[in-house]
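Here the structure is laid out as structure tokens; the discussion comes afterwards.
Labels A, B, C and D are assigned to the chains in the order they are written; within every chain, residues are numbered from 1.
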Amino acid sequence: MPDTTADRPELRQAVDVLAGRFPGAVLSSAVEKEELAIRLRKEDLAAVLSFLKDELGFNALDDIIVLDNIRSSGDGGKRFTVLYQIYQFPGFVRLRLAVDVGENEALDSAVPVYRSADWAEREAFDMFGVRFEGHPGLRRIYMPDEFEGHPLRKDFPLGGRDGGA
Amino acid sequence: MSRLGRFLRMVFLLDILQGLWVTLRRYFSRKVTVQYPEQVKEPAPRFRGILRLHRDDQGEPLCIACKACQRACGTNCFDIEGKKEEGAKVMRPVKFDWKLDRCSFCGLCVEVCPTAAIRFSREFRLTGVGKEGLFFHLPDMYRAGQDLQEHLCAGCRRPQ
Amino acid sequence: MTPFVADFLIPVGKIAAVILYPMLMVVVMIWLERRVVALMQGRLGPNRVGFQGILQPVADAVKLFFKENIMQRQADKFLFNISPVLVMFSSLLAFCFVPLGEPIRIGSYTLTLWIAESPVGLLIILGLSSISMFGVIFGGWASNSKYPLMGALRSVIQVLSYEIPVGLTVLTVAFIARSMDLVEIVRRQESSGVWYGFLMPVSFVVFWISSVAETNRAPFDLPEAESELVAGYHTEYSGMKFAYFYMAEYAHMVLVSSLVVILFFGGWLPPFPGVKALSFLHVVPGFVWYLVKIMFFLYLYVWIRATFPRYRFDSLIRLVWKWLIPLSLVNLLAVALVRYLL
Amino acid sequence: MALREIDLNMGPQHPSTHGVLRLKLAVDNEVVLRVVPVIGYLHRGMEKLWENLTYTQVVPLTDRLDYIAALSNNLGYVLAVEKLAGIEVPRRARYIRIVLAELQRLASHLAGLGFMANDIGAMSVLLYGFEAREGVLDIFEEYCGARLTVHGIRIGGVPHDLDGALVARIRMVIDGIPKRLAEIRTLLDENRIWKGRTVGVGVIGAGDAVDYGLTGPSLRASGVPWDIRKDIPYSSYDEFDFDVPLGRNGDVYDRYFIRLEEITQSIRIVRQALDGLPAGEISAKVPRVLKVPPGEVFHTIEAPKGVLGFYVKSNGTDKPERVKMKSPSFINLQSLEHMCKGNLFSDVVGILGSLDIVLGEIDK
């Protein structure tokens, strides 16, 4: 099987360009399991996304993934990590951006950059309560509007709050 | 297709007639309907029907109440308790509850069973009246799926 | 024959027949539709109730009869209740004017196989079939619900459009036959020795397409398009009221098929009425010929339904205004010209 | 003006919403002004469940996502876990997976075409499609004992081998499918009503399609050559010779046509895989209690509905820390409003059908 993402020079290049353009934005970068992951500063997210799309040609967003770090972060770490899985085609390059966000903080919305982020962000909001500023209509997507709480958070009981049946 | 061809097709409704021809041909072709319950489509040998506990040739239960299936199950279908009788070599189940309503017939329990005691029968008729029929206990587990064979034979109207 | 029989029993019997005959055809038609569509799709269809499932429609009717009649609270009560009746009534009434065959002579008494013969029978039937569309429109509107309303709206436009080519093509028949009396039209076809369908194929095709559209049948079944409007104008109806709509649709189909047969395919005449060598075909009673022809067109209805996708609203309107109406106008002109010259 | 606009509720109980989708439509008579999809009626919290199950126990649950193509979900998840755990799958198992996955694609497309045609009013096509699909489901039953929720792929390999009888059966079934396809094509391809309902309807251009994140046949119908099987081959897809059919206009007709063509291509791949079926093991050695080293991975496959992705993060135990599924239908449904705006109400059902969505996958 051909190696698709492992240590391709363009990946390194992308990181370098990014770090050069946004000094201090890239907190860390790593290639793990043939996938490039970049950890970003929260404030730079929107700018980095539009830079990646417009100038480096990452034309599509796969998905937005939220991780709840309540058990692992413990002291001082931020509650959520939001992952942006973006890619470029043709000439497949895949990139994962990670942004840490606290429970009461909001992220810049990616909708102005990637239209497909609309529902993904609504899902993240619905399931975890991560808020996105500048989203054109951030409301629940799966759960009923009057639902309280965010079911995918680690502290939400598996069987539901009434214990499940 | 040429312009003229397209025009002729349009005026003489060729596309319409072709469509009618297809359905007319199918009108006389073989039908796929299986007239259940008179006819039964026989399930495949590997069909994942109701779970059944098997015995060995001597009629001894194969199950050793190791609870591997209970652990493997993703939907908590099983509730098993074993007991080792005086002088017996292995444990035997004294309680083997299986909840059909929770089962998704994924086959993880069958795959982990070390003695091949629990296996799928080909019984596909899972419905019943009332909830009681969905809870299988130890004696039921040995009988499960037994009467399918007679049913199949009645279905195809072949002598047994 | 006593006056009692001639003046009372026979008319009553005829009236009963005019109700029973369409209903019987409806039963056959519902069964035919479900069976034929199933067979064309590689299935068997209903085949358990009665011989080959022929009693399935009866079972359905019994079920519907015992079902609860649900009416929306905001529905217009009067119109909601009257519209299924209107649809059914006008369809059945039209059958009074449909001749089923030559009069039968019993001694001195002549038994006509129609209830009323009118010099303008054709017009009356067309009028009545338009009235049945009022039932559809009222029903859709009175339901006070969106899907039925949209179904009714579609129905209005469809009827408005398709009445025109129907009227224009019927005129050509009237020109040739010099009559609007249905019995007379058949007799003219007998005397002229050729069915008008072969004389005026364009008229026949236009009339047939338009009447499929007028009966709300696939591929023109927009007012009740299942995958779009749920059930169209009768979405809110249940029980017997729904059954009225359902049966009326089939009764209408039978009516339209009868009209096609009478106007274009010689009614109860055997094939090639003018050819002497085929006169042995007269052995078969006219009524049988008539039924065979009707069944053919009913079968065609079902066949088309099993085959084609549904028209979209705009292409349906385009079809009638850009193709059928100009075509029927030219056709009318041509027929009139031929008639004038000959 | 106030009266011209009607709010129309389509679903969650409606004949052509493919499950429990609700569309809030604003229509002006028949013209669609706005479409707002409301989803979540089938939300079962799969991702929450997965976090509380072992890696092996998750597999049968993925069946319930896209239940029209359950096997593709199995494959997507299993590949992600294997990548994370560093399990090398034997070549024979990879080939068997491809046979199964392509058969599944075929079945899914046949069903999808049927639903789409049924929505547009050609109901016989649905039955013809199902008849052909039935043969494929019979193969699945023969192979792993279930027809719909197959659970036909395990971590490390496949549960059963393909024996000679089954191979012969598969060949027989796929030899019969072109005939059924020909019938469908005669009924629809040139039919004037079908063309009137599909050509130029629900158009989405290449640029918009990419921007909306559209994937799968719906994206390729807009002329974007993007097929994971070709571009990032997984599971030995690079050893096969097949074409990626492309559309030009991105309308409903193209989406219909792409699916037809992909069925033909799938048959080609299945034939090649059966011809070149390598000998060997059908499963790698996987410990009974699979503990995956800490790490994270995002793996995508080309499912019948589009690009299906699984993000798996492990914490070193036998249960995943987080599994996130990128479902193609979820993303594809977002572009519905773009396609429907300005079209007629009748077209909404056709466009929805052409997107080939499955609510089990959207709602997770």
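The definition used in the following text is that a contact is a pair of C-beta atoms (placed from the backbone, for glycine too) under 8 Å apart; a residue touches a chain by one contact, two chains touch by 3 or more.
Just so you know, these numbers come straight off a predicted model, no measurement behind them.
Greatest centre-to-centre distance from chain A is found for C, with centres as Cα means. Looking at A-D and B-C side by side, the one with more C-beta contacts is A-D.
Chain geometry summary: the mean Cα position of chain A and that of chain B are 43 Å apart. Centroids of chain B and chain D (each the mean of its C-alpha atoms) stand 25 Å apart. For the pair chain B and chain C, the distance between mean C-alpha positions equals 49 Å. Contacts with at least two other chains are made by residues 40-43, 306-308 of chain C. Of all residues in chain D, those that touch two or more other chains are 124, 128, 131, 187, 191. Those residues of chain A in touch with two or more other chains do not exist in this structure.
According to the touch criterion at the top of this document, the contacting chain pairs are A-D, B-C, B-D, C-D.
Contact residues of chain B toward chain C in the complex are 16, 19-20, 22-24, 26-27, 29-33, 35. Within the complex, the chain D residues that touch chain A are 39-40, 43, 45, 47-49, 51-52, 83-84, 210-213, 225-226, 231-234, 236, 238, 295-298, 300, 307, 309, 311, 313, 315, 321-322, 324, 326, 330-331, 333-334, 363-364. Considering their complex, residues 36, 39-44, 303-304, 306-308 of chain C touch chain B. Remark: chain D residues 53-54, 56-61, 63, 124, 128, 131, 134, 138, 141-146, 149, 151, 159-160, 183, 186-187, 190-192, 288 touch chain B in the complex. Interface residues of chain C facing chain D in the complex, by the touch rule stated above, are 37, 40-43, 146-147, 150, 153, 218-219, 221-222, 225-228, 230, 306-315.
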